[in-house]
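In the two assemblies presented below, subunit A is common to both, partnered first by subunit B and then by subunit C.
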Partner chain A sequence: MSATTTRSRTDPDTAPSADNTAAAEARPSLLRTLVSSPTVRKLAVLAVIAAVLIPLAHAKWAGAGWPHALTVDVSGPLEKSSDWILDNRDSHWIFLYFFGHISQAIITGVRVVYIALLALGWAGVTAGLTLLAWRVAGVRVAVTTLVSLAVCGVLGMWVPTMQTLALMAVAVTASVVIGGLLGLAGGLSELAFRVLRPVLDTMQVLPAFAYLLPVVMIFGNGVPGAVLATVIYAAPPMARLTALGLRGADAGVLEAVASLGATWRQRLLSARFPLARKELLLGINQTIMMALSMAVIASVIGGGGLGDRVYQALSSVDVGKALAAGLPIVLLAVVMDRTIGVAGERLGAPPAEGGSRLLRGWPAWAGVAVITAVITVAGRLSGSQTWPGGLTVAIEGPVNQFKEWIVDHIYTGVPVVGGTAEWAANYLKWVLDPLREGLQGIPWYGILLIVAALAWLIGTWATALTATAAMAAIGVLGVWEPSMDTLSQVLAAVVVTLVLGFAIGIWAARSARLERMLRPVLDVCQTMPQFVYLIPVVALFDVGRAPAAAAAIVYALPAVIRITAQGIRNVDPSALESARSLGATQGQQLRQVQLPLARPALLLAVNQGVVLVLAVVVIGGLVGSGALGYDVLFGLAQGDLATGLVAGVAIVCLGLMLDRVTQPTARRDRKGA
Partner chain B sequence: MATAHNPRRRQLLMAATGVTALLTATGCGAADMSKQSSPYANVGGAKSVTLSVQSWVGAQANVAVAQYLLEHELGYHVDTVQVDEIPAWDALSQGRVDAILEDWGHPEQEQRYVKDKKTIASGGGLGVTGHIGWWVPKYFADKHPDVLNWKNLNKYAKTFKTAESGGKGQLLDGSPSYVTNDKALVKNLDLNYQIVFAGSESAQITQLKQFAKQKKPFLSYWYEPQWLFNQVPMEEVKLPKYTDKCASKGEKDPDSIDCAYPTTPLQKYLNADFAKEGGKAAAFLKKFHWTKKDQNQVSELIASDGMSAQDAAAKWVKAHPDVWKPWLR
Partner chain C sequence: MATTLAPETPDSPKTGDRTPVFSVRDMWKVFGPKADRVPGSPDAELSAADLRARTGCTAAVRDVSFDVEPGEVFVVMGLSGSGKSTLVRCLTRLIEPTSGTLKIDGEDVMAMDKARLRDLRRHRAAMVFQHFGLLPHRSVLDNIAYGLEIQGMGKAERRAKAAEMVEKVGLTGLERRRPGQLSGGQQQRVGLARALAVDPEVLLFDEPFSALDPLIRRDMQEEVIRLHHEERRTMVFITHDLSEALRLGDRIMLMRDGGIVQIGTPEEIVGSPADEYVRDFVRDVPREQVLTVRRAMRPAKSDEEDGGPALTPGTTVADAIEAVARSGGPARVVDGGRCLGVVDHACLLSVVAGLDGKEAAAA
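This part shows the complex of A and B:
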């Protein structure tokens, strides 16, 4: 799998094995089968619970929505604490001696990197990064790096790119260090692992948007808050993968090292870390990708850099400008992904033979440093520190014209299929509105029961409990109705995503050419900041829930396609061969062999689809999707902690519930747990 | 036993010494967040000013011209940050931003930061007056002139219906950062309308332009000065007259408002330290004062002619030296 599955869980134990439910096949007595089937047993237990509790609940709190008597109003205390923070930020010790130092450290760090990058100048930075990529990952990646940096400059985005690089450098370093330390604890101590794992699992499914408000409250708008939100968002995959890598180390090797009399520290450094290097690199890679995507969202709270340019372009409805700032982000992501990917492959392989000795070891590194220094000085002497203004190309005009042309031609009245405006209206009328009314019309205990049943059937009683509790928390906070609205949007968009994703994924698995063609498209869809396409989507689908759904589908589709295609391609060739020898047709092979065997991958695709769609539906508040996303925006815009934080927590709960409901058992209790 | 404890105690002691040394080295401990500026500010020895740009284009026009003059006439480096209105007050108070050039009236924040904490200083008026209201497109108002009175709005509710408005008429609202009483107005005036929040001004503008292209009727929350009027001519719907009585009632209970929006003279605000020590830049920003017509000229160059903010500012500056020369004196 290549670039930037922003939040894919590519850890070794995600591949859940097909399990228990398949047990009930062709047994003698139907009754006994029923009793022995865990599915039926679970349903029976739930039915009993429901039979007892529902009449009670119905008698006391009838009606569809969450009963008002069961809500807790937290707005008073939240408003008070927000006032307190604003009044005491420049005087109370906790700000002066704790948060103040964190903030100062971040500012200093970003500033040092930024000054260094500016001092190197465009010539020095380009040369240095290209040579670095060449040393670590070879000529091809070096060329990609060179071209990408040149494009950033040509687009007139050099300074914002450097600001983003500086911010990223600090945020990624902090994420890797913090995540690595947490992972180390989890990898070495069983207790720490048990405590950390559910927390990290949860943090990975939360939409980035939900992290912004609490951070803004304490640190205010600006770079420190942006870096901190990024670290909170990007550190968990590092921690997860480090812990998993350390725990997965071959016991035999560890035993051997121990028997050689190695001390604890020697064992860690000489055996455990090297054995876990693949996971560590994967962790760093995921951390970088997540940090990049957050760098854009953090522009809402004053992160600056490329994200801010995209955000500013958004406000003047300038798609061309947004694209000019969005492209460097895509390029940065591709370069870092490829560099680390190739470096990871090389780590595993034995050092290449041949080649001059000068190209290996410290002389090469010294060479890199010297060449960079020379080019830096040359750049300085030639005058310009930032990218020369004459060497830029404005892509805004043509891009905007192209967008206008598209909108004019597909907005309405396209023969046979109808225009996008009609699609949007039909989608709202026939899908979203009935679904929303349905969800808001089902009694609250009904929803809780459905959630519990789904989560339990696919997972364990613990996941069921978490999911139900998360759902109940939404009710208690008094945001049941908007949450059902958001939920309906997520469900509808997920269905569309899965139908499209499975279809394209199956097709791609069967055609290598299609897969090759899709790859760059998927890379771009996954790394392009959603802000870039949110606004043109409004022109096509009209303000409301439809454009949010469209954006969510664009964002979630690549992950679903990739996981599906990979799952189907990884099906054991011998199983396929034997089906073919029995004379199965293409369709039969697909339906009876490939799809059933790829079931774990398909389930993972569902889970990813749900989580990714939720993340974007929430951002859809910016284009009129309303509900929880709008409330978070409102909270951020008005400094209204009560509205924003409650909506943020509700999003967290929804994410938690959706993840648990779509999460196969195996991930939790097989290997590694 | 004592010997077993000793090494650990020594370690503890060393750690404590280390931490103390670290704290001393970092400047006696206190780090006031309200005194920390942007990491991108003042790099390379240049004097720098950070301006807050709000999301609407009029505000971008103010900033573009101020930035152009600061950079080309006074030799400053200018950083701009896009922040929503209320967070911008907070950022201004912390010194992450040096100035806001267009504020639409936030009495609560003014009380807190200008009067109580004195971390923000008033920078005087911008010279432009702002007005919020409800608007319909001119092509629609010409055919149905009676829509311009709020009393007739219910008659047109069906006309303004969209897929999102659930059988009622749609009143399109914009960004969550804007001042709005629309919920109260719809309720108190008994209007058969559903407010649809576009969630951002850009989404709202995109939608309005799309409506206008299709010549569809719409009713929207909007404000002037705004460049969009040049592309999509609109007429204001008369709401019940704004009175002091209604305003004081609204101050006590925002849900009771049942009259139009006031007309607001837009204000500039400066970080208090910057106002005192900001030298020429602060003096210049205090004097910055222009008209609605000036602002609209720049806004339109940016938003509809697709010029970069800096090019638009340059063009305007070249054409109107009589307006900006006095700001530099």
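This part shows the complex of A and C:
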């Protein structure tokens, strides 16, 4: 309240008044601009609200944390409902005739794929997938596929890899079908789009971890739950991109098609779908990537396969084992991403001219089938169905030795720079702990007010309301303390991520060489499932909050770097040129032209950084970062759904709040209407 | 020399008994809330700005009536925002007119159901678009065959037909390319071939050459002129380019703010502008290349009926100047052996100077 008035009064006075008349003229206009500035107005309103409410709140519920009187204990009803589900899972009709069928279908599907993969044997699968990659994406990707599958085998991970593949196949198919249908609805109907969009946008920012609990509650631990959680997590990008692709179709082309007298169906099949094919493919790609990262996380609820191996290894802090299981995941991700990426590039290009006729069209496909069949039979005849034991290399030993070496040499006591353990300890002592204590020490209404102010300044009153409500919900659920703990981890990691990301991004935007060097690294980093990052950091930082922060930073960094670099490089070159022609120095160009013009991209980078960091910090529960992530894990492990669900909801609320606080709403452009 | 296509003489026998291809009466297209209430209400008389302020509506087409005769090139010209593109879309109800009547060959288009309307679009009127509207994932050949595919024609047959069209528009050798690999002019040739492939009764062009470079534009205009000469297909041609309108149009309809300002032959538009707006519009047109000696001539004196070079009434003033300059004396305007009048230095110069209105008559 008082802030605005004092500012408007002091500012003109402090302004250098070399010219008295000008200053006199400027005074009322400055006041007017201050009053008319939306930022100041919003802050003023908030200040008034705060001035009224805070004394009330303080008088009634003084103290730092969320007042106990304002919490609602939901564990009772939650336990009751979870007990009810446990009691009725085998008898109630909704389980027998609805969830039961879904669960059965998933189990059958996964089993069929798994048996098929086993029947093909390691030779058949390797040959088939390699040839498939060759047909779809060319020789280079085929070689990558071959090598990757071989590595999976050599690491002794063939069977879990096949299990993960089977799970993925079912989950991705279901995600693509469901997401595609939702996207179709959203792409063709304005109403459906309006309903879907906010839901999908929100689902995309929530950490994968949050989806596990409700699924477990209904389906219990096991493959069906894992697949379902994966579908819930992986279908939204497909739906979103399908809808956007269908809606973004060139209106001129659609009009031309209509002018030729096409029916609704002809328009859809011959124009709308083909025009959206890039987005559809991108959707499938994203779905696969998200499914892969979720398939691993889902091992916590019994998904089996590679994720399970990583999970087991992490819980016994066996870095070697974790790496052996993590590497195949990374390779699968890279292979699938490359295959679809190249296939997408090829879609746009005209069919290759020349080359043998046998290498094109159905003869080639038939050839692929025949060769695969032959190799399969040969593999069967030679005996081994799974990867032959003689062809494996145990890397656990060497890796663990290496880890020991790291622990011995850079973990601690390195002169001058200190070891990673010291870094971790310092990070905890000087950054995380003060921040956590600060957050837990601020009165609860103070945090609500800060959240409201941030969300309102960057968005609309609606976003402010959502963010504040989400934050309040956390308090009401009685998980204020652990949430503040998680929040402190997120904030600290985000700050580090942004500082590093902006610095590297700006540098990369200005240096073509660095950009060229970074690009392949970023490509690989962005395809890796979040889970994977936990493996190396455990080796470096042991367990606790520090490795979670490190993993989160490493996971979020590529996206931040990329968005920043792109944003700065996309700055209108003529604006930059005109600044240069006026004699601006490099620093001036950066500060006065590039950064201001790249503001939307930088804001997006902040948003992405926050969302990604949160996702990993929560998973950090696996490596002992405590707080909400641990609660979820504890709930899952102990069957204590009440604790887990409450923590899961708190994670969702935290995600919502962080997204709303950092997501600038696109201002409606009236001019275009 | 610029006008390779001499404008058809204004009084070329207008076959009144033939039904017009398009017959439009009192057509309105209003965008905005409760648009259907505007036509016929007092608001209809308001200016565009007032209408928007009062009702929130924009009248893109205002009370337009005209006929398109079979075989003619009917040009609709106006600046951007004058409603011409909306108008041409209304002709096949790609945009639904708000009110008015619309007939194609005497058949009421407004009364057609979906199937009939589709049939109309498939067989009777094909459109060429400013931004081509080609399908980027299909080859040139398949783009051209697309209209036939929609009609349900078999693959071999439609490809054969499309191959014919490829040749007709001069794209031989590019059949397997994708639209993205073609230049703008080539892409528009594909658009033209796609429209021609369905053998429509009337071709609708929506500013087809506006996005092209001037030289390519000229090529494409010649192409259209050639096609029109070969096939005598009816064309409705939308443009904002006056010289294009004058080059192509048998008749030109000038639009402004959704309404008609003037309909007439190029000569009428240039020679007798309906109002100041049109006069302003055609000010820079080289009059001698549009106006004909019919407009410039004066009655022959008795001694002039035999001597001097003979010109047809459709000769442009520019050509007549050359003839008169060569012979040194007046030239006769002869139609079917009969001398209609003569043109001399004074007549021709007054046309060039823009004095051929009342002043010339008074002189």
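Throughout what follows, the second predicted complex is superposed on the first by the 583 of 673 C-alpha atoms of A that agree within 3 Å, B and C clash if a C-alpha of one lies under 4 Å from a C-alpha of the other, contacts with A are read in each partner's own complex, and residues count from 1 in each chain.
The rule is simple: a residue touches a chain if its C-beta (ideal position, glycine included) is under 8 Å from a C-beta of that chain, and two chains touch if they have at least 3 such contacts.
Here the structure is a predicted model, which is why all the values come from computation and not from measurement.
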item: Clash-or-fit label for the pair subunit B, subunit C on subunit A; value: fit
item: Which of subunit B and subunit C A:589 touches, first, second, both or neither; value: neither
item: Partner chain(s) touched by A:392 [first = subunit B, second = subunit C, both, neither]; value: neither
item: Which of subunit B and subunit C A:636 touches, first, second, both or neither; value: first
item: Contacts of A:460 with subunit B and subunit C, given as first, second, both or neither; value: neither
item: First, second, both or neither for A:100, with subunit B first and subunit C second; value: first
item: Contacts of A:253 with subunit B and subunit C, given as first, second, both or neither; value: second
item: Broader residue contact with subunit A after superposition on the shared chain, subunit B or subunit C; value: B
item: First (subunit B), second (subunit C), both or neither touched by A:173; value: neither
item: Superposition-derived minimum Cα distance between subunit C and subunit B (Å); value: 18
item: Interfacial residue positions of subunit A with respect to subunit B in the complex; value: 86-87, 89-90, 95-97, 99-101, 103-104, 106-108, 110-111, 114-115, 118, 163, 166, 216, 219-224, 299, 301-302, 304, 308, 311-312, 314-318, 320, 385, 396-397, 400, 407, 411-412, 424-425, 428-429, 433, 534-535, 538-539, 542-547, 620-626, 629-630, 633-634, 636-639
item: Contacting residues of subunit A [partner subunit C, same complex]; value: 250, 252-253, 255-263, 266, 270-271, 274-275, 277, 347-351, 353
item: Residues of subunit C touching subunit A in the complex; value: 92, 94, 117-123, 126-127, 129-139, 146-147, 149-151, 176-178, 180-181, 191, 194, 198
item: Touch list for subunit B against partner subunit A, complex; value: 26, 29-40, 43-44, 53, 55-57, 60, 79-88, 90-91, 94, 96, 112, 117, 119, 162-164, 166, 172, 175-177, 196-207, 209-210, 214, 302-303, 306
